[in-house]
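Got some structures for you, see below.
One chain, subunit A, appears in both complexes that follow, with subunit B as partner in the first and subunit C in the second.
Take a look at the complex of A and B:
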């Protein structure tokens, strides 16, 4: 147990260092941007007519405070960190004066809901089918699936997404093609809203699953077809173990460790949003938010989304690191 | 083992043939890896099988154990176990019958024993997977039984809670021996179980196999190319060359009076303390089994080869001492 605590502490330090470096990079990069949010805001306000220079000076001062751009770079850096720790990224430039944190808070459930569900479905389905295909190598249906996965896998994502839109939006218009839900509904845990969200998520989720399935399927199949020739699998088969037990506890279980790492990485990446998916399907998630913020030069919003995703990816990796000894006892704890 | 030998043999192998059959690009290829092997393994004895690499030892035991996978096929003959009297080979019995005898009556200690334990499963789970269905009882009872059995191979019961990577090579080997013997099977097939171990651990493990075999009265079919191990461990010994059994008999008898020229070379190659000269190797290499030489397969390398050896397959003849050999140069009774 002490070994585990030491391992835990080591990973925790790693986590803190990674987050620290990442957030610092976000600070440097946004400061290197040529867009000055304060001047942009002032320009937006003053373009409607003449304003007194004193008023502009006062406005500049308060805007600089709002954006955390007051004082020298060192002072800004301190302000920046105190705000990050409080989860406050100032107001959004493009949606002034809505705070960045509430914009992210509004977009995150959409992205997280869509991507967590579709990533999990993809992962479970891909690994299950891939594992079966690797174990029952003579099964025709599974062989055919391998061929299909090989064929679909290299198609660019946006083409699959657009094909789905054309098929289910125009040729056979049964599913909504844009948005996260119908506009006229009360958001909350009520049936009309939930079912509308579910219906709207079918196409984006389907596109993600179709494209994601292939790599898990092929990866798991090759992992499993290596594992079935391992001595311990041959021995278990030789001993007359039930083939379901061999498949479950000896083959799939042992192939799972690397796949779980992959899952953690892709779950962490969710907080970046799926930019293309959200753009193609007009989904109101973090990806759309991020791209719009970049176009609009919305300094605070870019910084906010970047910071949240840095922390999320690091947390994902940390959680997996901490769980990994349970998945694979051979991991060196010291 | 003369008392036990009066009973019917546990395993009777008769004219067993197993070939690799492939069919690529319209060309049929047949490699006769095991070609007409006959021998018995009696109750409560260790029968050794010796021969160089690619002599068909592993194919032979795979055939006996019913573990053939294409392209390897059992082509003819029989390998009948006393506990499976209705079928002339394990591989010909229906899968559920085979599953019921595996581990209960017939178990294995495999080549590369170091890696036969699932690295992600605790030892006690491996024991449950392999033996619980045969022994029954509650989980706690079974674990106690496994712990008691581990003590017989001088392992602490705490090993049950360990993962394989936490054990040393010798400990893992003892775990596999315990795993293979916990159901007290009548027949154990041991395929080069000590080849990967250093000689000190090897001695330990061989002694353990012997002790457990005597306690349980099981029969062991022990395969290794190491003649020193055969001399130390086995009761009877069969020598394989190019897919055929060329000689078998009681181990001391074979070491004292080897009849087949190949056996003589095998035994003559063992170094002895005080050797001043290098031992002579046998010229040539084992034949390609896709196109074996006609007649006696050993004749191209045999110092005693006669013209009959190139045309006629020598029959297995029994000499006076219950010692069998397949060689034209040996006459019945000449061994005595």
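Take a look at the complex of A and C:
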């Protein structure tokens, strides 16, 4: 039991380190920049006509307060952390006076839903097919799948999403290519809304799945093809065990552990992909929110989304790490 | 070196295909030297012409020849990938070799930072960088930033090799013969990790080119330098797909997909070559 506690403590420390470095990174990037966001916002406002100097001074002081840019760097640093810990990033400038936190709160379920469903499908399907391909190495269909995986896997998310958009938007328009649901529906747990959400999520999810599938497939195939030559597998086969049982309980079970670690390590990359895919399909998640905030010059929103993304992904990694002992109980020995 | 190349070409179909694809891409990039039009100029040819014998890949709505534009774009994109890969290799090598060789608290601290960079979603951070730097975000600066963010995964691979090198006899011999740590790392251990460095270079190039394309398409880079992402950005700005100018989007996508698949196949086949078990299997020995 102590070994489990030590394991959890270690993971928890790593989680704190990741969040600490990530949030500091966000602080350093925004505060070391040569461009002052306050002056930029003032320039954007005053470019429409002449403004009284007193009004500009008042605006400068309230913007500095809003952005947490008042006082010395040390004071700003403390302000920044207290805001992160309270989850308060001030009001959004582009959607004034809605607070940044409620904008993110509205977008986060969309991204989380899309990401969790597509990642689960990708991971399970990729590992299952990859495991089969590694075990039944002479199967033609599985061999072909390997070739397809090698061809699709290295293409970046944006390009695949754009290709799907071209195919289903211009060549064969059967699926909705933009938005998260039809506009005229009551949001909630009713069938028309849920089915509309599902239909709208097919293309974004499909592009995430198409790309993700390849890496799990190829990884699992090479893991399995190495394990099948191990003595205990040869022994199980010689003992006449059912080949499905050999594959399931002897081969795949052992190959699964590194793939779970792999999932934790690639979560950040998958999140990057979701951000891009959302923008391509106009999906109302944090990715679209982030890119639109940049276009609108909304300092608080950009900073808020970045910080929340770092924390959210770290939480996801922590959850996978905490589930890891269920897959590989040998954690006690490590 | 040449013998390895010969073996790879003879026994490895993936390597042959990868080499073929990358060669096409490199030839395209090299052709940018003989381009009749400067890459930055607009309205040098009639706009919106479909592919023909005069303009092989058609012309854009900005009056550029797609073929010659593409040569300059792929050259800049490749250079960008090489720049990021080279810089991040240096960081990955230093961190990986040092962590693996030193062990103890140096290893723990370095790997803790390393894992942070693996976990953190880098794309929002790059967008944050663009947001605060705006027009000061030049291509070399972006390459440096990406190199500082994208070394972690490979450093971990290098460390795992360095860990096993540490216990080998020749390391002990070097220590007893009075070599300093940096000498041991550079002269004794570096040659052993070079194969991994080569194969990760390809994957790192794919990663950085992919992100560059994405940032450029969103307009978050220096859009006046022609790159593959920049071409797609301008095509989107002129709503090329709706207007039916498909060749403006299709050819850049086709070429960049060739780049990705080619580099990936080279990386995969090199990885396989490094692992003696799978190399033997391919050459007809083993299972």
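Some observations on this one:
Simple rule for what comes next: the second predicted complex is superposed on the first by the 277 of 334 C-alpha atoms of A that agree within 3 Å, B and C clash if a C-alpha of one lies under 4 Å from a C-alpha of the other, contacts with A are read in each partner's own complex, and residues count from 1 in each chain.
One rule holds for everything that comes next: contacts are C-beta pairs under 8 Å (C-beta built on N, C-alpha and C of every residue); 3 or more make two chains touch, one makes a residue touch a chain.
The structure presented is a predicted model; accordingly, all values stated were derived computationally and were not measured.
The partner of subunit A that touches more of its residues, comparing subunit B with subunit C, is C. In the superposition on chain A, A:231 makes contact with subunit B only, not with subunit C. Within the superposed three-chain model, A:21 lies in touch with subunit C and out of touch with subunit B [touch as defined at top].
Once the two complexes are overlaid on the shared chain, A:56 sits clear of subunit B and of subunit C alike. In the superposed model, A:253 makes contact with subunit B only, not with subunit C.
Of the two partner chains, subunit C is the only one that A:150 touches; subunit B does not reach it.
Note: no residue of subunit A belongs to the subunit B contact set and to the subunit C contact set alike, using the contact criterion stated above.
Residue ranges on subunit A touching subunit B, taken from their complex, read 230-232, 234-236, 238-241, 245, 249-250, 253-254, 257, 328-330. On the side of subunit C, the complex with subunit A involves touching residues 14, 112-113, 115-116, 118-125, 127-134, 136, 153, 206, 209-211, 213-214, 217-218, 220, 232, 241, 249, 253, 256-257, 260-261, 263-265, 268, 277-278, 287.
Subunit B makes touch with subunit A in their complex at residues 65, 67, 98-103, 107-108, 110, 112, 114-121, 125, 129-130, 163, 165. Considering their complex, residues 14, 17-18, 21-22, 25-26, 29-30, 33-35, 37, 150-151, 153-159, 162-163, 166, 169-170, 218, 222, 226, 229, 264-265, 267-269, 271-272, 275-276, 279, 290-291, 294, 299, 302-303, 305-306, 309-310, 313-314, 317 of subunit A touch subunit C.
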